[in-house]
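Below you'll find the structures, each written out as structure tokens.
In what comes next, subunit A is part of two complexes: it sits with subunit B in the first one and with subunit C in the second one.
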Partner chain A sequence: MLCIFSATVPRFFQIEIFANIVEHSTFVGVMAIGLAIIIIAGNMDLSVESVAALAAMITGILFASHGVGLGIAFTPEWLVLPVSLLIALTVGGVIGAFNGFLVVVMQMNAFIVTLASYIWVRGLVVAVSGGRSAQDLPPPLRFIGIETFLAIPLIAWIAITCFVVFSFVMSKTPFGRHVTMIGGNPVATYRAGINVGRITVTTFVIAGIVSGLAGWMLAIRTSGATANLGTGMLFQAFAAVVIGGVSLKGGVGRLPGVYAGVLLLSSIQTAINLMGLPAHYTQVILGLLVLAAMLLDALKISVRRRLA
Partner chain B sequence: MKSTMSRRRLLESVGLLGVGAVVAACASGAGTAEKRKMYYLVPTLLDEFQTESVKAIEKFMKDVGYETVTLNADNKTDVQQSQMNDVMNLKPAAIILAAVDFNALKPSIEKARAAGIPVMIFDRQITATKSDFTSVAGTVDIGYVAAGEIQRLLKEKNGDVKGKVLQVLGDPADPYTLDIQAGFEEKMKAFAGVEIISLPAMLWEASNAGTIVADQMVANPDIDLIFVHAAHLAVAAVASLEAKGKKPGEVMLVSSNGAPVGLDLIRKGWEQVEVEQPLYAQAAALAMFADLVVNKKEIKAGKYQVLGLESTVTLESWGPNIKIPGAAITKDNINEARFWGNLKAPTDAIQSVK
Partner chain C sequence: MNNNSPLLSLKNISKNFGAICALEDVSFDIFRGEVVALLGDNGAGKSTLVKIIAGGMAATHGQIFFEGRQVNFNSPAEAKSTGIETVYQDLSLCTNVDVVANFFMGRELVKRVCGIPVLNEREMYSVVEQALQSAGTAIPSLRTNVEHLSGGQRQAIELNRFVHWGGKLVLLDEPFAALGVEQTRRGLAMIRRIAAQGIGIVVITHIMSQAFQVADRMVVMRQGKIAGMVRCTDTSPDEVVRLITGDAV
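And then the complex of A and B:
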């Protein structure tokens, strides 16, 4: 797709555009990590978008200096970086643990539990902000959103690091293997002596924490938070997970594939931004391009099979 | 003995009268309270204009003796239709509607009015059917005001009305942003030297606007001015400009709706103009005419002063319509209390139009 866009979309083939694509994929990408782990474990988490929004809003309310921001500052100033990150991750982790508790201990359906969380957490965003926005984060936080390393924005490096770490965890550690086993056959995994409940709760906590991280970065990128921040990202994360080859039935999937899916969606969005299409048609084009990408992928697999 | 009996009867009578009066007062009070209750159907609480409109309408309606209950449709047309149906059963004094979808609510409005419940339209004009009163700034007019200001800014920068403008719309399914676009592009059509690139920020989500600006600043580094259709999108646009190493004012920025975040950006020098929707005046106009609407009395066409703004009531095919002029906010007039973005709601009580 990158080759096609580079050849056909004017001004697409530029290093800065590729850096933009990596940067844009940051938030959905990080959210998709947690979602993918949950789905590989045979569950579902619809709350990731709202959790990210809440983490973003709490970061905004506490540390932004305008709007509903309280402008909390530290000495030295850079302390705001670890403190705000810790708060965002904690917010996500707590909601993830709550979801996991209801699913594992209370034996409630994950779809319903996380759908409810999707609604009440977004409601909490509106409630705590009063519908208003927080704006103007302090320079140490904005530094992460502005500066680059090797032409790639720092927040994109955070996302890349997350993918590397969690790819390693999922493919090379007992925890990752157990998650995949649970998604494939939870009963057999349980009989093999693996603590299915504890691992399932851990997947929800991880999903919550990485969503909190996505929200923290989203707030940094937009220098604050609005009540509708992150709206629509759940479906993009789902699309990336599925495009990346994760089976919705659980037990199958790899995180590098998910990152490829996120990059694909991001490059399509960027191509649309550069094509100059009438506003009303952009969603249609986006959907058709995603479909075209999937057809190309299916064609590639079919050709490979014939050649093998 | 007789006088004692008479006194007792007198006391009993006074007591009975007192109880009767209290019961009657309670009954009448209850009736009045029910009769004086209004419902404000707000399209969403995810943006600052709508959030502040709730406070303003509740305050101004209280000034003229109405209690307002607000229901949020969460930007869903079907939810707002259900709310209309539910509220009709409560027989309120009136319904104030800021429609999610300008025309989808037409049957619900007709049903409410047929049931004798007046419907007042706030902010989002509905012309497809008759309503009892409409208070709007005019979304197309916002586009006109923005076009005028952008022509001025381009002329100041380039010596003539020419250059490249990036227009960041809101969600393309929202008629609000399409009206602004229509008004803006209509007035810009005359200037062939102005190239306009228009892209939508899906779901009015700020990071989508940031992405558009980031991409366009790479693809079209000669962009002179960015026009975003809401102030909260301007914040993300500025974040992207900052990330691209731009300084305040290097790329001009114009936004609309007049939210507090937009005013903050003007104060910091990132934004040059914010086209304001006169939220307080729009809400105050509803309260000023509420008694006439509820009592089904005639509303006369003409000029009215609404919070000091000269506004015009016209009798249109869709009913009485008050149009309140929007204003361009710049660094020269930014501190005026009339701008809702300063969040200083008028404290004087609103007076009903007789």
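And then the complex of A and C:
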């Protein structure tokens, strides 16, 4: 796909554009990791986007110096970096744990629980900010948002690192193996003595934490936060997960595939921009792409059935 | 521990599903090295009883004693750690992962890399290869997902899994339903071999000849109650059928 674009779209094959694609895919990509893990475990998390927005807004409110920002500062100044990151991850982790608690302990439907979180967490973002925005984060945070390493932005490196780490966890550790098996047959894993409840809660906490990370990066990239920050990213993350080969039935999918899905999405968006098509078409194309991915999946299954 | 005391004792086990009384006052013992066949019509309560012993379901009334101590399993994991292995009627495999992953489900071998547990795939592969080979089960590739295997192959994986892990008591719920003639013969021989190691075995089956071939004792259930307990050597297929159906002759 990338090759086709490189060959056909003028000015596509440029290192800055690749860097742009990778950067563009950072936020959706990190969110998609959490979403993918949850879906592989046979569950659903619609709250990732709102959780990211809340983490971004809290980072903005605490550390930005204008708008609703309180401008909390540290000496030495760089301390703001770990402190803000820790707060963002904690916010995400707490909401993830709350979702997980309702799904596992209260036996509530994950779709409904996280749909509710999608709504109330976004509502909280608007409420705590009063609908206004926070601007101007301190220099150490801006540095992360602007600097590049090997032509790729630092935040994109963070996303890549996340993909590498979680790909490893999912394919090489007992935890990842258990998550996959729970998605395949929760009864069998329970009978085999695997602590299904604990692992399910952990997947929700992970999704919350990585969404918090995505929100933190969103805040430092835009040097602040607005009440509608990240709106629509849930659907992009979903598209990426599905295009990346994760089955909504659970138990099937790999994170490298999801990252490929994310990159594909953002290269298509970039290509559309470069070709000068009106941006409105982007959504139409994304939607068709999701359908195409599902169609491919269905084809794959029926071919396999015929061979078997 | 005295060898003549029962390995497992069920005392007055009852189980209600709402108004349905699936089990009523079921009591019997199983000894080490003994094969007990559990017989009964569909709906007699055999699977329910197995689930209760295996920790997957709580009894409404009654007590379970294992090795003389009263036990109260809250999950299959607890029963398993006590030494009770179970092969369920509806198979317990994850069809979305490969044979090796299923074999080691919940007991994965790991090596520590910088303190992080990492799956030891090579070691697990060779253990499974050996276990299946010695059982005479042919599966083309241990790396294929179980969804691509036949019902017989799946059942073979489950059977070999419990043989490998051992334990003190094994519960088999219709273990041969999907197996061919030769695989069933091997399975029955395997049950005798395991029992000879001093492991207690409960095997549920529909097929009378299998029960006579493999069991020392038969426990017949009818409508949630024990209809009779007989030694295989002291009974005839006709008598057992009468116990199962409840027909007086």
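Rule of thumb we're sticking to: the second predicted complex is superposed on the first by the 278 of 308 C-alpha atoms of A that agree within 3 Å, B and C clash if a C-alpha of one lies under 4 Å from a C-alpha of the other, contacts with A are read in each partner's own complex, and residues count from 1 in each chain.
Methods note: contacts are C-beta pairs under 8 Å (C-beta built on N, C-alpha and C of every residue); 3 or more make two chains touch, one makes a residue touch a chain.
Nothing here was measured: the structure is a model prediction, and the numbers come from that model.
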Return first, second, both or neither, reflecting whether A:Thr180 touches subunit B, subunit C, both chains, or no partner chain. second
State whether subunit B or subunit C is in contact with more residues of subunit A in the superposed arrangement. B
So, does A:Ser223 touch the first partner subunit B, the second partner subunit C, both, or neither? first
Looking at A:Gly251, would you say it contacts subunit B, subunit C, both, or neither? Reply first, second, both or neither. second
Pick one for A:Lys172: touches subunit B only (first), subunit C only (second), both, or neither. second
Give one of first, second, both or neither to describe whether A:Arg191 is in contact with subunit B, with subunit C, with both, or with none. second
State which residues of subunit A lie in both footprints, the one left by subunit B and the one left by subunit C. none
Which positions of subunit A touch subunit C when the two form their complex? 172-174, 177-178, 180-181, 183-185, 187-195, 251-252, 308
Any idea which subunit C residues touch subunit A in the complex? 54, 56, 75-77, 80-81, 86, 88, 91-97, 101, 105-108, 110, 116-119, 148
Can you check the complex and tell me which residues of subunit A touch subunit B? 10-12, 14, 16-17, 20, 23-24, 27, 66-67, 126, 130-133, 135-136, 142, 145-146, 153, 218, 221-224, 226-232, 269-270, 273-274, 276, 278-280, 282-283
Would you pull the subunit B residues touching subunit A in the complex into a rising list? 44-48, 50-51, 169, 172, 181, 197-200, 202-208, 210-212, 214-216, 218-220, 232, 235-236, 238-239, 242-243, 259-261, 264
